[in-house]
Amino acid sequence: MLKNTATLPWQERPENSSDVVWRYSGNPIIKRDAIPSSNSIFNSAVVPFKDGYAGVFRCDNKAVQMNIFAGFSTDGLHWNIDHDPIDFQAGNTDMIHSDYKYDPRVTFIEDRYWITWCNGYHGPTIGIGYTFDFKEFFQCENAFLPFNRNGVLLPEKIDGRYAMLSRPSDNGHTPFGDIYISYSPDMKYWGEHRCVMKATPFEDSAWQCTKIGAGSVPIAINEGWLMFYHGVINTCNGFRYAMGAAILDKEQPDKVKYRTQPYLMTPETPYECVGDVPNVIFPCASLHSMEEDKVAIYYGAADTVTGIAFGRISEIVKFTMENSL
Amino acid sequence: MLKNTATLPWQERPENSSDVVWRYSGNPIIKRDAIPSSNSIFNSAVVPFKDGYAGVFRCDNKAVQMNIFAGFSTDGLHWNIDHDPIDFQAGNTDMIHSDYKYDPRVTFIEDRYWITWCNGYHGPTIGIGYTFDFKEFFQCENAFLPFNRNGVLLPEKIDGRYAMLSRPSDNGHTPFGDIYISYSPDMKYWGEHRCVMKATPFEDSAWQCTKIGAGSVPIAINEGWLMFYHGVINTCNGFRYAMGAAILDKEQPDKVKYRTQPYLMTPETPYECVGDVPNVIFPCASLHSMEEDKVAIYYGAADTVTGIAFGRISEIVKFTMENSL
Amino acid sequence: MLKNTATLPWQERPENSSDVVWRYSGNPIIKRDAIPSSNSIFNSAVVPFKDGYAGVFRCDNKAVQMNIFAGFSTDGLHWNIDHDPIDFQAGNTDMIHSDYKYDPRVTFIEDRYWITWCNGYHGPTIGIGYTFDFKEFFQCENAFLPFNRNGVLLPEKIDGRYAMLSRPSDNGHTPFGDIYISYSPDMKYWGEHRCVMKATPFEDSAWQCTKIGAGSVPIAINEGWLMFYHGVINTCNGFRYAMGAAILDKEQPDKVKYRTQPYLMTPETPYECVGDVPNVIFPCASLHSMEEDKVAIYYGAADTVTGIAFGRISEIVKFTMENSL
Amino acid sequence: MLKNTATLPWQERPENSSDVVWRYSGNPIIKRDAIPSSNSIFNSAVVPFKDGYAGVFRCDNKAVQMNIFAGFSTDGLHWNIDHDPIDFQAGNTDMIHSDYKYDPRVTFIEDRYWITWCNGYHGPTIGIGYTFDFKEFFQCENAFLPFNRNGVLLPEKIDGRYAMLSRPSDNGHTPFGDIYISYSPDMKYWGEHRCVMKATPFEDSAWQCTKIGAGSVPIAINEGWLMFYHGVINTCNGFRYAMGAAILDKEQPDKVKYRTQPYLMTPETPYECVGDVPNVIFPCASLHSMEEDKVAIYYGAADTVTGIAFGRISEIVKFTMENSL
Amino acid sequence: MLKNTATLPWQERPENSSDVVWRYSGNPIIKRDAIPSSNSIFNSAVVPFKDGYAGVFRCDNKAVQMNIFAGFSTDGLHWNIDHDPIDFQAGNTDMIHSDYKYDPRVTFIEDRYWITWCNGYHGPTIGIGYTFDFKEFFQCENAFLPFNRNGVLLPEKIDGRYAMLSRPSDNGHTPFGDIYISYSPDMKYWGEHRCVMKATPFEDSAWQCTKIGAGSVPIAINEGWLMFYHGVINTCNGFRYAMGAAILDKEQPDKVKYRTQPYLMTPETPYECVGDVPNVIFPCASLHSMEEDKVAIYYGAADTVTGIAFGRISEIVKFTMENSL
Amino acid sequence: MLKNTATLPWQERPENSSDVVWRYSGNPIIKRDAIPSSNSIFNSAVVPFKDGYAGVFRCDNKAVQMNIFAGFSTDGLHWNIDHDPIDFQAGNTDMIHSDYKYDPRVTFIEDRYWITWCNGYHGPTIGIGYTFDFKEFFQCENAFLPFNRNGVLLPEKIDGRYAMLSRPSDNGHTPFGDIYISYSPDMKYWGEHRCVMKATPFEDSAWQCTKIGAGSVPIAINEGWLMFYHGVINTCNGFRYAMGAAILDKEQPDKVKYRTQPYLMTPETPYECVGDVPNVIFPCASLHSMEEDKVAIYYGAADTVTGIAFGRISEIVKFTMENSL
């Protein structure tokens, strides 16, 4: 992660709570109508940028068309989101048509901010772009064939190659889904695909028994890569999305070292349980400080608004190791 | 529309709002238990009548049997609904058996109030009836073969024939549906069926990409027929119903001149998002005054209660023309 | 039926058979490639015409596009089918566009031959046309809203109105289906829809428990209207289509007087069990002579070829009455 | 029912209410996090025990694994639930493996408390266990082959045999389900299976048209066995669970004497409409006093928390008899 | 097995064949119309009886109603099947109503011939009956709650109890299915249900990866119980049924000692691949002679006719042990 | 294509035929039991090799496990297939585990024979391997993430990169499917994915309206790349697979220049219509001689056996250009 001097968004754990991860009392931090055209703003990504933070936001408009928008904040809690969607220029390809863009992630690698998102090209696949300044954006070749969602880049190269987590899917409300990893020497050609982690047997951990998907950009910790991910259970009244954590091996990130059997957070508040799609917690980004032992997790709530939750990295790692599947 | 001297229900746009259509602050105006037997009262229709208003209301009873009831109001906001369902007499047929009746619309044409509804005859089809006085009701032949829903009559004849919008469906939670128009010389035999408007491609306007259905009785305006309709998106947690507007050609109402790409209203309030069927806005009627440039739209909320929303006709028309698909 | 002097196609019952209806030993009488462009020729209709017979044939071409073609025969067994599909002119409407045409039936009423078929207009519905001479053809308004199949006209008016049997359906491989009747004063507007007969409970008659559809044009007999129809069972390996007979009331044809609990014919021969759609017998027409007590039934086999079967009308009526559901 | 000296939980009917059954104003009485490990506590059973009450509670943990826990209360409203699940010893079998346990019921018969639950053995079936003291628990043979749910024992033997209501199902979100009764001489072998009551036709009582299941342990009344049960309707946004009452014949409990066409209670409050599975009322137990003419019904709400409702037995019986299907 | 003096049906292995099980060259031995009323005769059971053989046959009539009929043979190849279905008297219950009966098996135990079949009681379950003489038949209580199919009794008691294999299912074309065993002291009450064998992973043995079901009555051999069973794969064109063999432990028949990874026989002949349900081999019975090392397996083919196949018991056992999953 | 001196398999067009492609009269050339272990041999690939031909064959064994086998022929009609499946060594990866292998294609590029197949790695994806001599085989990284089928390499590099056609799918009997192309500099990393051709609207060409997939290795012709592909229609009795031809642009093979609206061949013969999966023609390879203007197309029939068909290249090209969609 880039160094920056901004204060990490933070709020201490509520007194009566023993939760490993706890919600910000000011949630939702971004409401559905935070820009004039928006129906909903959720499943969005933030990174340290200059003296504060920048982000790429999923804003569905009132025609319920999906697109991604840049935004900026000094404290990570109050955001100014552009009123127009990101206008990509040609990156490593001229083929930059998108039917839609949603669920962005942002990762700084080497010299630039890489953005991945679910890109509409004859169905959902993983779009890739980059920016140096959050003003000019460049779109690259799609990473994979359709159908795919939840593409998340590791923040460092592995053996000299970019590494991307993703979740092969189908073209609808996919009732299955496991996390894979793929590698690329050049952000154009991808290969060496490996299965990383799968949905669980119902008996073992039902909240993640239907499908799972990578969430936030993994954080380098001593034990490996710490990743927040979402898991889904198919109830008789639809899908419910909760959040867990996994620790992947540092050198061989297709090896899962630990993975929470319990969830870290499940829909409980009105803004998570009621909205365009009820009962959804969907993490897409986090900000952290290893020195302060803090992490702030950004998540979409009910496919409508954006919330933030906090935790101590050391506690989360301990919890993940001690409650691993 | 009949002239009447009653005051149109109205409330000015909230100060901080720029919405084209806005909700009444006293919503829901009719609660689920407004009559002793009712489980829910929603998807109902009103018209000017005498010095006030009359209506036909869908009241599901506590066995969740669907039927329609007459009701009366002086101000359009407070309603007295009969405790017994409408008891139809034979109109142009003796075959007036119904397994159930729901989602009524009411239209005054020439000399009487015509009522259309979803009628249970070996599955849902379009029932037709009429009344002169909201005391005696007469039931006619069903307009179409099963399966059909959302039959809405135009308030004037076209080329000397009655014109009805409808939405062919199947016998369950239909996952498709387009609006058609049909004509009749006599309210008994129907033909010259034309497709009017279809569900949209997901990329163009996702809130109406699964199915659409005619809502309120179209209003004659200079530009044609102004109709509020519902559109449905199939989320991973079920259907979400929102409301849009369309303007049909005056002489050839199977021609769509304009149609909102954005919705006018989507479920956002607790009474729209929580209830027997969450996330439903379902317009079935409107009252308007061209002179005052006002319209009051009645809609079912969450298949449980009835709400009302307001707008300026000129603004709605402008919005529809400027934001047309 | 028109009088004509042609010999009815006929073959006596095989010696060892006690079947009420038996197959022609020369089946299939029309092979899949009987015209150069055809992939298959089946589900087709014939009538007496001049000194022989004329017919309207479903010929799917090698792109598997469906269309209907005129054809002629002197003996009802050997057919010359036009190499080009029927080119309709405007009848009682200018809206004669079809996405596809299939499963025709032909009926002579008063002064002309009426043709009904499954017509592609935003999905399947019932197309109507007529001809006086099988050279010039005129297309009328579709009878019903989509979705509908198996429209069959009665050969006489009922109370001065045309009467049409049909089978409301959906837009795919419909897993349900009952037979209705509708009336029209003018072949343009249709109403007074009544349910005639429904698919049966599995326990009572499984071969017709999934859906049923009118087949041949009903024959006026003393007991009412004799109709051959198809019934479908949904096996674990797909639909199986068999043929039964029903006798409808002469004056009130929505009343079923008798209906065969056993089938009359089920797929047994190679040309019925193997083909583009295995296990299909689909009757669409019959020729008969009351004087000779004979009927020849034309049916599509395996959605690929056309067969013919024979029976004694008196025996079929007796069997239907004695084996009625 | 055992005599005990504890006060029955009770609250009088609200002044403005005419409901036959009314909610406790302090609902939910057990919250989702009442024990440290729990995600949700619902669909649970209570009985009089010593000077107060004991119960068996479904507590899903934060891995959303299902298990049952013992708990105790002096007033039936405030509960101390064990932090560890029940640890069963071998009863009439050594095969006491369970993949999961949920939806318990408890019944005192003769000398002990019998517990039945949905037991995971290659899918859901009916588990049986017993305790004398709510300290030591013994597990018996599963009653039936998979797949089955909602096993409820009658509190008295019928003709010297134990009698169990159950609901055969499939291995998923079963879209069908009727109540059966089976008998056993010894709690090991079961037979003489009879269908008791079925889901209703949609037209007759839609809230129970998809499936039904036995709820609380039946109460012996003069008229027979009074049972609270759940009924399910499949809306376009998922299943909705409501509660009704039935009276079974005392000697032949497969005969239904009366059964409510209207529901007694349907999801209306936030804790019933919003939660892990929205719109669920699921009764599993009741406490009653014939002398005081009172019953307190325990029910799971939204698959998340536990609520309680009250009624007068005589009124419920009268209502059931007067509003019977 | 009873001793009888009849010759076992037999034909030597074809010269060019190395198959473990081979077809009779005269197949099908029973054609679809072997009795006047029959549409099809298949999935039927035979046993030694007096100087020859008796059997219980599934004959679907021409209304495709399913029932079972007695039949007799001197050589096991030529059969006289009664023209009327078996008329059961009350056995251990008066509740002997059946909506339908199909797929019978017959087993001699102690003093009588027990018949099990799929019995229609609110859906399919396992019916039980017995006869001493194939003239008088007595029907008992259904063994299990619905839904169940393929109930097969072991020919000897296990620990003094009757033992029945069965296959829990649903009410349609069940896409899953494993074999269980249950025990009864008295043919009335059943318990101690155990899972015996499950459908296989696709990668291990695809022909039995969708569902499996017990077939013929197990034969006592030195190694345990030899059972022929059917396995099903769900292809893109429907289910395909093939036959395998398993050897169960003699004392603990829920333990599978060996089970063929390859099938023994798969649909290959026209009468197995073409018919009412294509691609079905469904074994329901066998006759054998340990002395002659012969077994004759009876199986339904394409749900239309009955075939017979032969093998050497010692070879089948060796093959099963050497090719076991 | 490599030069070789073997005679191309060939048979002249039957006298009475005007088909562009015609079947070999000796079909099927490879029967289901051509090797001792095989249940079926189909969907296989051949190339010129030394003085004759070599091939890679899909042989499902009698456990219906899928694997690929090498085989050799001098005339292309009579084949000796190895009795053991290909034993791959590590190529450009050590991760050469396969759950199954099926539907191989073989292409000679530069210095070796490349094999692609559907490879089981957490579901179907595209496996890649190579051989120089059909004795030693080397397996490489899978080309794509699951789920994918029908990977076919172009026989020449495009802009210095390998080019592969493929068909993204799901993990079952995929009811959708379009052809894409991807590029690789090194047979390890793949990118620049483009959609090539899609399933057609039902009205335009129903035989290919459900899904399509690349078949044989494209042949370089003057007009571009000539490819035989399969198209699928979903009938009420399952999928039917037929064969068409397409001509892709030589330099930009994601551009389709021509594509047959009619099929070239559809299941008509018993070995295509009856078998393990009825009604399948599935081309996987072709041999051709530009000088002799001949092509021999190898195709799987009914997922059971292998057939061969012949045509004149010039005629096929002309037909494709003149009958293009």
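Going in written order, the chains are labelled A, B, C, D, E and F, and every chain counts its residues from 1.
To be clear about the criterion, a residue touches a chain if its C-beta (ideal position, glycine included) is under 8 Å from a C-beta of that chain, and two chains touch if they have at least 3 such contacts.
Fair warning: this is a prediction, and the values are worked out from it, not measured in the lab.
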{"item": "Duplicate of the A-B contact set - from B-C, B-D or D-E, the pair where over half of the pairs recur", "value": "B-D"}
{"item": "Chain whose mean Cα position lies farthest from chain C", "value": "A"}
{"item": "Fraction-based call for chain D against chain B, same above half, different below", "value": "different"}
{"item": "Chain A and chain C, separation of their C-alpha mean positions in angstrom", "value": "59"}
{"item": "Rounded Å distance, chain A centre to chain F centre (Cα mean)", "value": "40"}
{"item": "Where chain A touches two or more other chains at once, by residue number", "value": "237-238, 274, 278-279"}
{"item": "Chains that touch, pairwise", "value": "A-B, A-D, A-F, B-C, B-D, C-E, C-F, D-E, E-F"}
{"item": "Touch list for chain C against partner chain B, complex", "value": "93, 95, 121-122, 125, 141-148, 166, 168, 170-171, 176, 178, 180, 182-186, 188-195, 198"}
{"item": "Residue ranges of chain A touching chain D (in the complex, touch as defined)", "value": "18, 202-207, 233-238, 240, 261-263, 266-268, 270, 273-274, 278-279"}
{"item": "List of chain D residues in touch with chain A within their complex", "value": "32, 36, 39, 60-66, 99-100, 120, 173, 237-239, 274-279, 303"}
